[in-house]
Every structure is written in C-alpha cells, then in structure tokens.
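Should a chain be cited, it is by its letter among A, B and C, assigned in written order, with residues numbered from 1 in that chain.
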Amino acid sequence: MDQLLQQMVNGLITGSSYALMALGLALIYGIMHVANFALGAFYMLGAFLTYYCVRAFGGAFYLLSLPIVMVIVMGMGALTEKFCFRKVQDAPHSTGFIVALGIYMILEGGSAVLFGDEWREIASPYNAMNLTLGPIQVTVQRVLILLVCAFLSIAVYLLIMKSLTGKMIRATSQNLDAAHLVGINVNKMYLLTFGIGSALAAAAGAMIAPTFMVAPPMGLGPVTKAFVVIILGGLGSIRGAVIGGFILGMVETLGAAYISSMYKDAFAFGVLVIVLIVKPTGLFRN
Amino acid sequence: MELLKIVELTKCFGGVRATAQLSFHVADQEILGIIGPNGSGKTTLFNLITGIHKPDEGLILFSGENITGRKPYDVAQRGIARTFQVTNIFSGQSSLDNIIMGRHCRTRAGVWGALSRNKRTRAEEKENREKAYEMLSFLSLSDVWDRPAELLSSAEQRRLMIGISLATSPRLLLLDEPTAGMSAEETAMAVAIIARIKENGTAVLLIEHNMKVAMNICDRFIAIEGGSKLAEGSPESIAANQRVIEAYLGKDQICLN
Amino acid sequence: MTDKTNSHALYLWLSLIGLIILLPWFLPGRYYLFLATMVGIYAIMVAGLNLIVGFTGLISIAHGAFFGIGAYTCAILQVRGILPYWPALAAGTLFTALIGALVGKAILRAKGPYLAIGTMALSILTALVLMNWQSLTGGASLGGIDGPGVLKIGSWHIDFYSGKTYYYLVYLFVVLSMTGVYRLIHSRIGRAFIAIRGQEELAEAIGVNAMRFKILSFTIGCLLAGLAGGLYAGFMGAIDPDIASVGMSFNLLVMTIVGGAGTLSGAFVGTVLLWLLPEALQASEEYKPLLFGIILLVIIIFMPKGIMGRVKELHPALNKWVK
C-alpha cells in the first residue's frame, strides 16, 4: 500500500509537468489551430538556459533563474509566431504543423551545434534534499516540480478564464472575425498566446531537468506525450489538458512500476494509438 | 415503379428536428421537386439519402433495397449521385479530368492494371476520355476541357459539378439548387440539361428555390417545412395549396409560367 | 492527370537513366559512389512517402519506422540463416507492406495532427522495440549481414560486394519503383488518391471508398520503405535501431516536402538536394538537423509546393517534361 501511495505521488508529480506542457499546446491550438510541435524545443531550451544559469551563478540561483528563463523563451515563442506561424495562418492546418516541425529541428539542431550533444546534469541543490511525509519519500526538487507546475497551471487557467486579456484570447480563439469586429488586437493575442505557451513549456523543462539530464533531444518525448494528453483531453481544451496531464502521469508511473519499466515511454504512446484506433477524433470534443 | 422510397425518415441534431417522419417516393424517370423555406431540412434529406448522416428512424429504399445508413461511396456505387449547394469540384484538375474522375465507380482498373497498363486498362482509359468529351459537350463545356476547374466561371463550375455526378451513371440524381447564382441565360442552359437528363433515363430529385424553373421542369412536388411534409402533388395542386403558399410563398398565389 | 504515352517526359526519363548508368565511371572516388548509392536507396522510400503525403494528403511521421522494419526483417532472416539475401529482401519488403496495411487500417481513420502524432508515436514505439527486444534484433546493433554476396549464374559472377555493382542494383530498383509509382499516379488509382487529398467528401460522393484507398496508398508507400530497408541492410552489412527513429522520419518528410510533395520528380530532387547540400557546404553530420530544419522552414513558408511544385507552377509548359 505504501508502494502504491509512493508511486501515485510520483505519478502526480510527473503528471504536473505533462499538464503544464499540454496546457501550452492547448492554448496555442485553441487560438491558431496549429499543433505546435516546437514546444518540445522550448522545453529543452528552458532546461538548457537553466543549466547555464546555474553553472554561471551557482545552484542557489536555480529557482531565481526560472522567471528569467520563462521570459526569454516567451520572447522566442512570440518571435516564432510573428515570423513563421503568422505567415502560414491561411494555409491548411498541416502547413502549420510542418512549420512547427521545422522550428523544432532548427532549435534542436542548433542546440546540438552550439551546446554539444552530451547529456549533462543541472546541479540543483533541491535534488539532494529529501523530504519524508509519512510513508512517502520525495526530494524537494520533485515537490517543487509539483508546486511550480500546479501554480503555473492554475495561474494560467485563471488568466484565461477570468482576466480581460484571457477573455480576449478566448474570443479570438472562438471567432476570429467577431474578435476583429469588437476591436481586439488579434495579432497581439497571437503573440501573447504563443509566448505564454512557449514559456510554460520552458518552465516544465526547467523544473524536470534536474531530476533527469539535459541534452538537445530531450524535448521530443515530452512534447509527444503532451500531444497525447491534448488529443485525449480535447485539442483546444484547457481543462482537458490539465486533467489529462495528471492522468497520463499516473498511468505512466503506475504502469512502469507494476508492469514494465523498460517500456515506460510506451504507455503514453500505446494509449494514444489505442484511442486513435477506437475513436479517431479523440476522446472529447472541445 | 418506385425508384426511391423514403419511409418515416427522422433525424434530430441535438435538440433540433431536421427531418420528421418524412415519407415520399420518386418514380423511375421522373423529376420530383422539393420546395420549402430555408432551413426546412432539404439538404439534410439529401445528406441522409447519400449516407453522410444516419437517420434516427426510418427507411430509405432504393430499387427495393434497403440503403439506410450506408456509406456515401456505397450509395454512389449503387446509383445515386448528388450535387452540393456549395460548388464542389476537384480543383487543380482540368474539366476533362474532373469528369473522368466521376467515372471511377464504373471502371475497374486496379493496381495491377495501373502497373501493367494492359490492354483492358488502356481500353478503359480510352473509353474514359471519349465519354468525358461527350459529357463536356452535353454540358456545353467543350471549350474549356483543359482549363483547371477552379478557373471556370461560377456557372460553368456548377455545370461541371453536375457533369461529375452524371459521369457516375446514376439512376437517380439529387440536385441541390443547381441554378443558384445563375443569370437567366445560364439558368435556361441548366434547365435544358436537366430536361435531357430525364430524357436519358435518369430520375431527378431537385431542390430548387427558383419557382419558375421548378414549376416548369418538375413532374411532381413535395413541399417541406420544419422537416415534415406539408403537401405533395402536381405543380398545379402545390401552387394552389394554401398551407404551402403560407409557409413558403407568402400570401399571393404563384404564377405557373 | 491522365495522359497516354507522354513522349517528352519519356525522353527526359531515358536521358536520366542514361546519366545514372554512366555516373559511376565519372565519380572521383569510393565515397561518392557510396553517396550516390545512398541517394538511390533514399529516393525509393521518399517516392513512397511522396505517394502517401503528396498524392493522398496524409501526414505520416512513421516512414522511418517502416524503413527500419524492412531493414531488420531482411537482416534477421539472413543473419539467422533462415533465408538467403534475395528471398529475404522480398520477404522484408512484403512483410513491411503487410504491417503497413495493418497499421493503416488501424490508424488512418484519424486525420491531420491526430494522424501526425499517432504516426510519430508508432515511430517511437518501433524504435523502442527494436532497441529493447535484444534476442530478436541484437539490441544496439545488428551486424554480420552478408547481403547479396556473389551471385553465380552459370559461369557468370556478379559480385555484389563491389560498390559499382551494388549501385546498379539499387538504381535498378529505383527505376522500377519510379516507373511503378508513375504508372500508379497516372491511373484510376492515382486519380482516386488525388481526389481524396483535395476533396474527400466529393470523392466519397462519387463512389470512392476513401478509407480503402488511403490504406492502399499507405501500404504501397510502406512497401517501398521496406524495399529500401532491405537494400540498405545488404549495403551496410550492419544496422542499428537509429534508422527507425523519428529523426529519420523527419528527414524523409523534409526530402519529400522540399522536393515537392505531389510531384514525382520532387521525390528525386528532394533526396538528391538534401544529400548533396550538406556535402557541398562541407557540413559535418552534426549540422544536418539544423540545416534540414532551416531548409524545411524556408521552403514551407515561401514555396509550400516544394521546388518542383514551384517550378511547375511557374512554367506550366514544363508539365509535359516533368512529372
């Protein structure tokens, strides 16, 4: 029973990072109907930028680097929207996906060239600190993951649902022409949404990286899993993304613990393939 | 001889009843007109017949066979073709290739035929081109046989759309507002074509808003409102039917010519 | 797109074949022969992907996985002594086609981004299995693939260990594949593919069973990928699970799109370009993903129909010459 509880906590923690990334994807899909695969690269860049911050300023700087990293990647995401995605917004949806793929390849390839492709560790001090809560053992880092991801998810959720900006973003997602008509600066909404989505991916990367390792291809698996989440939860659905992220985290962790840890990654993808076979339009509609 | 028989057809979308216990039939080689106000379920009816939607209740019988809920390609293969309210043609292809495309379900060349280009395949391709040229001439589109379909005029495109569906050699053709957006001259051309379609042995189910056209060309009518049948009968009886007039035409009577 | 014998295109094709036959005698070294042979192998599978993506309009990021399946099937059959090379090649090709048909039947009801991510997931799963099922696949590497070896017909010896001979073998298959795909495209089947790509609803309305043709297109594409895989295995002598990776699928997609999805010549042009460009720029292996990404982005934004697509747009007269 203790084992189960431990694994469930682990699953929740992993799930929170999936939820965050899926949230970013859902936001972007909702507003521009583009499956932005490039978020996988931003996840990786979030981790890399954090790595270099910690190397330059020391482990204690780790948490402080998070907002900096997020802002930088937010800017990058907005740039990709303005110079790449906006140019193809009238093309068929598949074109947007290919653009995202191109950006992903450039960022991953560029990182390999610039940073080298060895796997590195981020020396976050929180990784070494342990907490024992009853029968559950967990590093502070992992607690931070949960806290930060949950915090950001809720913050963004509130932003989207309650704030004026959020309402404008939703309006643009739902009806572009109407949004223009009521005077919403649609281009600004695009920039903002892409920026936020990218920043969220970077945050997920920055938080997870110390528990794992950092290298240019690290974003491929997570972004594909995040896609699994939003396909299961409904492509543009914010709620579906967050809930689905946690569920996937649980399923994956429990599966790895009780069925096979070698094929851990296979769970997410296996679930996806099964769902697509049975219900090709995803589990929910937005 | 009842070519198409619709029995108690019912379809709801969410809470909205698009089709309600609709029953009627189309006889061999007749032109049956469907009239009704906007949103009365006419195009939904076409979508139900051709298999795009499955009805909640009811039967669709074609030549005695139950085709209810069969997939669109199956319905087309059995001999029911349709046009669309919004012009639907194969862009990027010439008019000729568009028509040839329509012959797909009446030809048989498969992968082996494609790879080997055997005698049968080559004969089939030759026949495709010949029949397509004939069809274009039937539609007065011979001049534009090699023009990309998206560059045709609006009326030409609508005639092409009819041609594509005719190329499937249907026994029943569903025409959804074929003269929409046409000038008087273009309309006359379309009417002549529809008349000849009937002469050539194909029955037609026609949705038409232009009452002059409809009255002229249809053998019989059904009038629909809110998904149910309001009236059925000859052009004269429909024109005189009080309920039809109120629902659709306003309080004045229609002129028959 | 139905024409009878297109004499212009035929002349061009025959000249190209002539060029291919003469090329090895003009190449300055073994490395270039190696490169040319790889281009041929890749061209076969890019032609297959072009059929799926360009002509039928389906996004597949699983093509590399099928390449891997073809390579591993052929290799395992030969390495284990179950079959000599030629039947192993045939078996690998057909087996990959079979898997393609099954996968297609399962997953092709999904569309757009669903299909793309679904095929990506399958790709990752395949690479995972190839790496981890060590007893079957040898794990990180599978070596000892003899390939076609030396073929003895009567008193004639064909030595496939020779670079030149293997080059001709590969290009024989390239010519056969391209001719096959060409004929397919210009046939009732090809018309059905194109109809589905552009207007699926209309295609169904005229009697085209869209699902069946999507599966057919996917299967044929996978068959070509399997063929390329078997040829690759025989050529390299050793293979590893990387060849089935998502990265490979990305690269193949780039070659397809850059050359021109939907044009047969595009498959060849894209493959040649994306093999020669890194060479011309003297870019080492590590620069390739960056380079490919840049090219893909530039092309998809400014020339979405690819190089050959744009060429045909600008000079419609060229349609007679080039398919």
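Everything that follows uses one rule, which is that a residue touches a chain if its C-beta (ideal position, glycine included) is under 8 Å from a C-beta of that chain, and two chains touch if they have at least 3 such contacts.
Everything quoted here is computed from the prediction, not taken from an experiment.
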item	value
Chain contact topology (line, ring, star, complete or other)	line
Chain ID, smallest distance between chain and overall C-alpha centroids	C
Chain whose average C-alpha position is farthest from chain B's own	A
Pair joined by the larger number of C-beta contacts - B-C, A-C	A-C
Centre-of-Cα separation between chain B and chain A, whole angstrom	49
Approximate Å spacing (C-alpha centroids) for the pair chain B, chain C	42
Distance between chain centroids, defined by C-alpha means - chain A, chain C (Å)	33
Residues of chain C that touch chain B when the two form their complex	1-2, 4, 180, 183-184, 187-192, 194-195, 198-199, 201-210, 216, 220
Chain B residues touching chain C - in the complex, by the definition given at the top	50, 52, 71-74, 76-77, 81-82, 84, 88-93, 97, 100-102, 104-105, 107, 109-111, 113-115, 117, 121, 124-125, 128-129, 164-165, 167-168
Chain A residues within the chain C interface of the complex	35, 84, 87-88, 91, 93-95, 97-99, 101-110, 112-113, 117, 220-221, 224, 227-228, 231, 235, 262-263, 265-266, 268-270, 272-273, 276-277, 280-282
Complex contact set, residues of chain C against chain A	59, 106-107, 109-118, 120-122, 124-125, 128, 132, 246, 250, 253-254, 257, 286-294, 296-297, 300-301, 304
